[in-house]
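After this come two complexes, each holding chain A, first together with chain B and then together with chain C.
After this line comes the complex of A and B, so read on.
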C-alpha cells in the first residue's frame, strides 16, 4: 500500500465517520463503528479461508462463538481481558483446525457441508454443556477491562475495535505477501497444480482455517463485551451466512473487502432505519421494510460490483 | 485543499458539535410531544408476535393523541425492528437514545435483544418498561428505571401445575419441553409445584426448537404411563403433540404454557386439540360473546388494520394504556423519575379485556405474577379459572 493510498483510506474513513456522526449522533455512530470493525475482524477470517485459500466455509460463526464463550468464561473467572483474548483466539484457532480436518478427504461443496456440520455441532455443544455455558439461557458478559479501566463508552469501544482491526489487517497483509499467502492462492487456483509445485495443500488449508479461526475468535471476544450477553443461537447458521455475505459484498479476495462488507452489513440497515423515519405514516410502519430495502441494496451491490466493493468491476 | 481533507475537517467539526449540543431537561419530552421507543421483531423469527404488539401500542397511543394527548403532549412511538438480532438491538437502542431522544422504551421484544439493549437504555437514564422477556434481570435486582409486567414462566406454571394436579388428582405427571431457556424455566416451575405436593415428575422429554415430528417423545411419555403432560411448547409443537397423542389413541390431559395459548392453536389443531388446557396471562379477544367495550375495541382494530386482533394485540394495547395513564398521573411536569415514582404507586385494576391487576411498589417492579387456566372447548379457548395465586 503506498503512502498516498494509505492517507486516502484514513481520510475517507474519517470523513465517513464524521458524516455518520452528523447523521446519527456521536454515540450511535461510534457504536456502529465498533460493530463494523468487529464484524470486519470476523469477516477477515472468511477472507482468509474463502478469498485466499478458496475453501467454502459455511460455519465461521461457530468460531466467533468459540471466541466469545472462551472470553466470557475466562473473564467471569477473573482472568484479565488481555490474557483472555489470546486464549479466545487460540480456542477458535483450534476449532478452525478441527473444522479443516475433513479437507484431507473432501473438497468443494462436500467440504463446505462438513463446515456446516461443524457449526451445528458447536452450537449444540454450547446448548448442552449447560453447567459451563448455562446452555440456552445465555451468559452475561461484563465490560472489557484494559489497564484497570472499563471499556464501556462508545468512543473507547470504537477505539479498541478499530485498533484490533488495523492490527489484524497489517498482520494479514504481511501473511498474504508471504510464502504462505502465495501457497493459499495457489491452492485456491488449482490444488493439483499447487501440489505438483511442492505446496502441501492440506497444510495450507489447515493454516488458513487456523488463521481465520484466530481472527474470528478475537472478533468473538470483543463482540461478547460489546453486546454484553451471549447465547448459542447468536452464533447459528444465520450469522455464518451473514459473514459469508459480508466477505462477498466487500470482496472476498481483498483485505479491504472485510471492512467494506461489514460497513454494508452493519451500517446500511441503520441508514435505512433513519431514512424510514422520514417516510409518511403507514409506509414508515410497514413491517420488515428495512429487510426488503436491505435485500435490494445487496442485490444491487452484487450486480454492479460482482467482485465486491473492494474488488473493482 | 483536497475534497477528502475538507470532508475530514467537516467530520472533526461535526464531532465537536455533537459533543457540545445541549441536552433537553427531560429527554424526549417537549411542550408538544413525548417520544417513546420500542425495539421489536417485525421481520425475524417472532415477527408474528411483534407486529400485533406494535399495532396494539400504536392504536392506543393514537387514541390518546386524538383525545388531546397527555397534558397536551402527543405521544410519538418510534419503532425499531431488531429482527431478533442483538447487534441491531444495540444500535437501535443507541439511535433511540441519542437521535430520537426517547423518554422511555416499551415492550422491547426477545431475551437476546432485551439483554443486549437494556444496559444501553438504563445507563442513558431512560425507562425500560414491560419487555417481552421472561428474564429475571428485567426487574431484579430492583432498579429505579426497570419495570416488568410479565411473570416468569416458572412462577405461573408452578401455580397452574399445582392447581391442575390438586383438582384432577393426577398421579403421574410428565413434561414435554423445548430444549432452551424457555423449556428450562417451565421445568423449574413444574418441579417446584410437584415438589410442594410431594409428587415426582415421572418423566420428561425434550425437543429441539423447530421440530415438527414429536411422535417419539409422545410414545415415550405414553410408555411412562403419564396421566398428565405439561407442554413447554409453542403453537406448532403443541398441535403436533396433541395430534400425535390423539392419533395413537392416547387420551391424556395436557396443559400448555401461555406461549401455546393462542387462537392459532385451535385454528391449526382443530378437533385434535379439543380439551387442551392452557395458561392465559391475558384472554384472547373473541368477538363472539365479547362485552360491549371489547366488541367496540375489536371493531376499531379490524377497521384500522383489516385483521382480527389477537392476544398479542391486546398486550400491546394494554401496555400503551398503562403508559398513558401513568404519564397523565405524573402531571404536566413530566420527568423520568416522576414517571417511575408514579408507576410505583399506581394500581391498574382489571379491565374489559379480562386482564389481571397490575401493581408495582417501590420495592417490587414486577407488576403481575399470575396466570389463569383456560381450555379449548368447541373450537375456542374458554377461561375456566380466575388468576391463580
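After this line comes the complex of A and C, so read on.
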C-alpha cells in the first residue's frame, strides 16, 4: 500500500462522511460511520485468516461475540474499559486458537468446518449459561469509559472506533511486512514449498487464527458498548457470513478492502429500506425481500467481481 | 427400558434424515469438490413445494411429493448451469459464498409467501401409530427408516451398475483422467448438483412427519454437515452411517444429559473427530 493510495482513501472516506452528514443528518451519519469502522475492524480478523493465510473461517462472529460478552461481563463487574478490552481480545484470540485446533494439520476447508462447529457451540453455550450470560434475554452494556469520560455521543463514538480501526490497520500493515506476514503469504501460495523453506505451516496458520481472533474480539468489545445490548443471536451464522462477505467484497488480500467491504455490508440494509419505499405495495411489504436482495448481492458480486470490488476484475 | 427403545428408534429415524442430507453433501463434494451451504434451504423448499402442491393446488400427495423432488432437482441443475460452475477450480471461499447466497435467495423467496411464514404444517404422511409388542412406534419413523434403506439401495445400484454412476465415480477419483477417458465432466457436474438437490428435497419430505414443515426446518442441515465430515466427506456409506450414529447419540444425550447438551453433541463430535481421525472414521487413526 503506497502513500498516495492511502491519502486517496483517507480523502475519499472523508468526502463520503461529509456527503452522508449532508444527506442523513450528523448524528445518523456518525453512528453509521461508527458501525462501518467497527465492522471493518471485525472484518480485518477475517482478512488476516482468509486473505493473508489463505484459510477459511466460517465462525468469526462467535469470536466477535466472545469479545463482546467478555467486555460486557468485565465492565459490569466494574473493571475499567481500558483493562477489559485487552482481556476481551485475549479471550477471542484463545477462541480462535481453539476453533482452529482440530483442523490444524488438514487446513483449508477443514478450518471452515471446525470454526463453524465451534461457533455453533459458543452460540448454544451463550444461550444456556444463564447465570452468567442471562441467556437469550441478553445483557445490557454500559457506555465505554475513557479517561473518566463516558463515550456516548455519536461523534466521540465515531472518533474512538475510527481511531481503533486506523490503529489496527497500521499494526496489521507492520505485521504483514514482518516475518510472520511473509510466512502467511507463503503458506497461502504453496504450503509444501513454504514448509521446505523452513516455515512451520501449522504454527503460521495457528497464529493467523489467533491474530484474527484478537482483532475481531476488540471489534466485539467496542460493538457491545456502541449497541448497549448484546444477545447470543446477534453473533450467529449470518453475521459470520457477513464478515466473510465483507472480506471478499474488499478483495480479501487488501487491508483497506475491509473498510470498503464494511461500507457495502452496512449500506445494503439501508439501500433495501429505500428500495422498499420505492416499490409498489404487495412486493415491498413481503417479509423475504431483504433476504432475497442480500443473497442476490452476494451471488452477483461473487460471479461478476471474483476478486472483490476493490480488486478489479 | 421401553422408553430407551423408543428413544433409540426415534434417534435412528432422525439419524436417517441426517444421513440423507449428509449423502447429498458428499455427492456434491465428490463430483465437484465444493461444499454446498444451501442444502438446508433446498430441503425446506422441497417440503414446502410438496405441501403447496398438495394443500394449495389439490394434487394427490404422492404426485405432489414426486413433483417437488423432481422440481428441486431441476432447480439444482439450473443453479449449476447458471452460477455454480464458475466456482469449480476456484478457492473454496467462492463456492461457500455462492451457495450461501443462493440459499438466502431461496429462503427469502419462501418467506415472501405469507402462508409459509405464519404457520407450521404437517404433511398427512404416515400419521398413524404402529404397535409392535409393547413398543409403540410412530408410522412416520418407520416410513423414514424404510425409505432411507430403499434410497441407499438405489444409490448403490446406480453407482455400481450403471455407466453414469461409473462416470461419476471416475470423476471423483481424478477429474482430468476421467475427462480424457470420455466422461462428459460438465454434464456430470450438473447431474451431481441435481442429485444432491433432489436428495435434500427427499430428506425434507421424510423430515416432515417427524417434525413440522416450517421456515427454519433447514437448520437440520447444520447437524447433517458434521455427519458428512465424520464420514470422511468422500464416502457415501460413511455419511449415512455417521448420520445414523449422530442421530442415536443425540437421542441418548437428550435422555441422559442436561437440557441443551443434545444440540451441541454433533458439533463437539465433529471437532473431536477432526482432532482424532483427520481422514474420517473409516480411515482409522493413521490420517494423512
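We take it that the second predicted complex is superposed on the first by the 273 of 313 C-alpha atoms of A that agree within 3 Å, B and C clash if a C-alpha of one lies under 4 Å from a C-alpha of the other, contacts with A are read in each partner's own complex, and residues count from 1 in each chain.
We take it that a residue touches a chain if its C-beta (ideal position, glycine included) is under 8 Å from a C-beta of that chain, and two chains touch if they have at least 3 such contacts.
What you see is a predicted model; the values in this text were computed from it and never measured.
In the superposition on chain A, A:82 makes contact with neither chain B nor chain C.
When the two structures are aligned on the shared chain, A:18 is found in touch with chain B, with no touch to chain C. In the superposed pair of complexes, A:58 makes contact with chain C only, with no contact to chain B. Contact with chain C, but none with chain B, is seen for A:112 once the two complexes are overlaid on the shared chain.
Contacts of A:31 after superposition on the shared chain: chain B is touched, whereas chain C is not.
After overlaying the two complexes on the shared chain, residue contacts for A:291 are found with chain B and with chain C alike.
When the two complexes are overlaid on their common chain A, residue A:269 makes contact with chain B while staying clear of chain C.
In the superposed pair of complexes, A:150 makes contact with neither chain B nor chain C.
Contact with neither chain B nor chain C is seen for A:279 once the two complexes are overlaid on the shared chain.
For the contact definition in use here, the residues of chain A common to its chain B contact set and its chain C contact set are 127, 287-291.
Within the complex, the chain A residues that touch chain B are 8, 11-12, 14-19, 21-22, 24-28, 31-32, 35, 127, 135-138, 140, 152, 154, 226-229, 231, 233-234, 266, 269-270, 273-274, 277, 285, 287-291. On chain B, the positions that touch chain A within their shared complex are 2, 4-5, 7-8, 10-15, 18-19, 42-43, 47, 50-51, 54, 58, 78-81, 83, 86-88, 90-92, 94-95, 97-100, 111-112, 115-116, 119, 123, 137, 179-182, 184.
Contacts from chain A toward chain C in the complex involve residues 50, 54, 56, 58, 101-103, 105-106, 108-110, 112-114, 116-118, 120-121, 124-125, 127-128, 237, 241, 244-245, 248, 252, 286-299, 302-303, 306. Per the touch definition, chain C reaches chain A in the complex via residues 35, 83, 86, 90-94, 96-98, 100-112, 114, 117, 222, 225-226, 229, 259-260, 263-264, 267-268, 270-275, 278, 287.
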